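So that we are looking at the same thing, I have put the structure below in structure tokens.
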Amino acid sequence: MDPITRPVSINGLRIGGADFMVIAGPCSIESRETFAVTAQSVAAHGAGMLRGGIFKIRTNPSSFQGLGRAAFEIVRSVRAQTGLPVVSELTDPRQIPELFDIVDMFQIGTRNMHNTVLLREVGASRKPVLLKRGFSATVEEWLLAAEYVADSGNPNVVLCERGIRTFERITRNTLDLAAVAYIKQNSRFPVLVDPSHGTGVRNLIAPMCRASAAVGADGLLLEVHCAPHQALSDADQALSLRDFAQIMRELEPLLPLFGRRLARPLRPSALSHEPVPSSTI
Amino acid sequence: MDPITRPVSINGLRIGGADFMVIAGPCSIESRETFAVTAQSVAAHGAGMLRGGIFKIRTNPSSFQGLGRAAFEIVRSVRAQTGLPVVSELTDPRQIPELFDIVDMFQIGTRNMHNTVLLREVGASRKPVLLKRGFSATVEEWLLAAEYVADSGNPNVVLCERGIRTFERITRNTLDLAAVAYIKQNSRFPVLVDPSHGTGVRNLIAPMCRASAAVGADGLLLEVHCAPHQALSDADQALSLRDFAQIMRELEPLLPLFGRRLARPLRPSALSHEPVPSSTI
Amino acid sequence: MDPITRPVSINGLRIGGADFMVIAGPCSIESRETFAVTAQSVAAHGAGMLRGGIFKIRTNPSSFQGLGRAAFEIVRSVRAQTGLPVVSELTDPRQIPELFDIVDMFQIGTRNMHNTVLLREVGASRKPVLLKRGFSATVEEWLLAAEYVADSGNPNVVLCERGIRTFERITRNTLDLAAVAYIKQNSRFPVLVDPSHGTGVRNLIAPMCRASAAVGADGLLLEVHCAPHQALSDADQALSLRDFAQIMRELEPLLPLFGRRLARPLRPSALSHEPVPSSTI
Amino acid sequence: MDPITRPVSINGLRIGGADFMVIAGPCSIESRETFAVTAQSVAAHGAGMLRGGIFKIRTNPSSFQGLGRAAFEIVRSVRAQTGLPVVSELTDPRQIPELFDIVDMFQIGTRNMHNTVLLREVGASRKPVLLKRGFSATVEEWLLAAEYVADSGNPNVVLCERGIRTFERITRNTLDLAAVAYIKQNSRFPVLVDPSHGTGVRNLIAPMCRASAAVGADGLLLEVHCAPHQALSDADQALSLRDFAQIMRELEPLLPLFGRRLARPLRPSALSHEPVPSSTI
């Protein structure tokens, strides 16, 4: 942790202090069952927050675009079951009122980092924001996008490095960890790393999680699916529940060396009265 | 002109056929006077349409963001004076109703090419759309963005190549004319070139205009300002009225070699009842 | 042509003045017959010089590496037959003495643009040099590489833009014509364009030839093969003899508009006593 | 360490096994005193090998090009004093015989990764080779370059990631740690990371060293200078002796977590008879 970082609070959890926040879940919420099973497993293995796409923004108009409002009730119940806050992507400022009570943090995705209309309105809402780097945004442009949100009255911005577009082909993007090191030294905003999109290659995610912790990131954003090969989007990079558990086991002894511990909900029991059926983990 | 291109009509003018459309005007509309003077001059020298930013999207939250609604009346009067249709950028789907009667073509800017919410709603509006390439979008992604608009019911899409982000530093972007050649052979959408943003260097615009005509583009989008050094945005790349006139003189003998002629409004006089003061040209 | 360009002379031909130099031939010299047939045809249709690889530099160690010395006699006889000067790539300074009398111009390829040892020794040789841009060299680095040659005593450098490496996938490289416009305005070295490597797509070569002429290039470097589908290297981008003839027909009416005419050998007949068998054209 | 890596031996030291090799020293050898002082200090703080440029390859012909042969005697004496093997860059195959007895490992620099003539002759020499990634080479091209060396009879290739050229400006290059993770899983060649060139920013080197160890790299290549601000090349990125010592202190507790320990010369005392003056450390 770096003294200049100003931590951001989400329902009592903090991103940017001594805690290392792991946010995990599927690319898109596809059904109640797959989201619940995935969420309970990642919660049991150390995730501090859940992710899951409700409104998706896809390059191809015929790709799966998310469940939309049909996912609201699913999110509400899984969040109550696990006690974990949820982050999900906004693609339109008009979604702010309806998503406001459903999620704990808004995500602005890589394709909207330059959408200043969305930045300003999310800024006016005061809810914590996860601002992904545009896949070809310079660090300077990314920090200016964060200022759009902060200038509109919302200082609760958490950055997320997710890889940039380069000529290299073995990975979907080139994960720019030096940008994370730079931000820790030069910006007040906490910063996470998304090695799922950042590499697009399942086998490279674990080593890049370790490297992210070592470089000083404040946490991770990971795509996890209870049946990766059936995922409706990003199947090549989704981690299985077992992969995720293994990554968390590897991270655990590493974090104290960097002055960190895993971020966990303060009173998880208070929120997760319902017993998690063992068969789902 | 290529047989597979399906021309798009704008108030009786066509983009994509034998006509070569030159759209010119300031980056932002800054005042009635500067817009009127610029518009009358470019009209007199062969522009077929006007451009001018009303709502600007800027990387830096403290940069000039456009006049907004205060520009509506200016656009209405200059359009009537010159008889030229106007294209201006939309940054938010909620601007569609109010801009609908002000402009003749909506522009979707480079930072919004991946904004599928905007693409769909502009698609539902049926008004012709100028779709700029994202500065790091592949041609495939760009054509898929055009399909978002077309799929939503609006086939009137005109593409605009405006340079891509590369490692090169002498130019602001790298203008990708091979992409234009590819589109002429493989897509039904007409395509323009914007060498103003594509190079960001005033002296390089004229040769890139000639190259654009030679490669088969259906026209040009050019930033022209009656006092470039006082422009509130993009001052380094704005052409003066004299620069623009010179470029048009150079293009004129070239176009017939490629089977083209300048697109001009059918009945300009019908629209421009008001006499254009000669002093402003 | 631009007043600041200092033309380079090659056996009485000039690159960089009012002449527009088209250099054509196969990627690699593969056999006496294919090189002779190709050379005679391109000569008949307006090429002013021949190209043909003798020593090839390939990314994969198991790809075809050129005929090497076995090509020397072939080059000598085809050059005499056609009367056209020949350019071929050097990959090692130790090749300078043996290639010196075989070719009329040394080529330094894209992979060697940063090889300052080669630049200096080619500079010491005084023979004209065709210096291709490194596929990820900035224009500034490219001009500095030309200065390495000039500083070593050889001002006879001709630059050649051949595309840069970007994220775009429809083309093998992104041909940077704005760099050519910049060089015409800011450097004394003449500059050619290689749309064969610059696009890697046969159908895109013709429009990019026209655009190169329009942007002010001093000529073209084109891969032509008498049987493109059998070429041992770069088969996807080699033009057929017919393609080449068609491109030259399209260029002819264009050049006078830019103050240019095709560069042709001064006394071709003096060198080409042997009748060209009509069947080969 | 990964089971598929085949370690490379250099004078009894190994790169690619349980040892983590830190190679340190100045960009260029500038004088006996600065090289000796730097070498003794990095040796005392855990470096296993020395680096130092003898023949430099510079973009600008008027930049400092290295001491050349005048450095030979300096290298010989510092290597004897410290007992550490030395790696230095070859820029010309004709340097192989003279450098053969001066250095313990040849480096092929980023600008020569595609120089297949040099790759083959270094391959024929059988001396261990440090092969830096071309700054715009794909991982596939880089591995093919290593095959050029191995195919020529020399399997002793160690790769070195040193950053790739992208649009980002805060760093000189974008260090691609995912490429390192990929190589550990897919190639038999060991791989080091050079965060000095990889970032070009002194303050970012320490976090990128930690990240490199965490991602699984077999070691580091670091620019260290006893008076960084007086360095004749790369002054902005050279670490001071104190910076280097601090980085080594941070790495020490980290390495055991990844199954590594620092590589140290087997019998340093045997090689360093001469007492190291304490004042220089």
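So that you can tell them apart, the chains are marked A, B, C and D in the order they are listed, and the count of residues begins at 1 in each.
Following the convention adopted for this analysis, contacts are C-beta pairs under 8 Å (C-beta built on N, C-alpha and C of every residue); 3 or more make two chains touch, one makes a residue touch a chain.
Please read all numbers here as calculations on a predicted model, not as lab measurements.
Undergrad: Between chain pairs A-C and A-B, which one is joined by a greater number of C-beta pairs in contact?
TA: It is A-B, judged by the count of C-beta pairs in contact.
Undergrad: How far is the middle of chain A from the middle of chain C, if each middle is the mean of its Cα atoms, in Å?
TA: 51
Undergrad: How many angstrom lie between the centres of chain A and chain B, each centre taken as the mean Cα position?
TA: 38
Undergrad: Can you list the residues of chain A that touch 2 or more other chains?
TA: 136, 165-167
Undergrad: Could you draw the chains as nodes, link the ones that touch, and say if you get a line, ring, star, complete or other?
TA: Basically all the chains touch each other, so complete.
Undergrad: Considering the complex alone, what residue numbers of chain B touch chain C?
TA: So the residues of chain B in touch with chain C come to 136, 138-140, 164, 166-171, 174-182, 184-185, 198-199, 201, 203-204, 207-208, 210-216, 253-254, 257.
Undergrad: Which residues of chain C touch chain A in the complex?
TA: By the definition above, chain C touches chain A via 136, 165-167.
Undergrad: What does chain C use to touch chain D in their complex?
TA: Answer in residue numbers: 57-61, 91-94, 111-112, 114-117, 135-136, 141, 144-145, 147-148, 151, 165.
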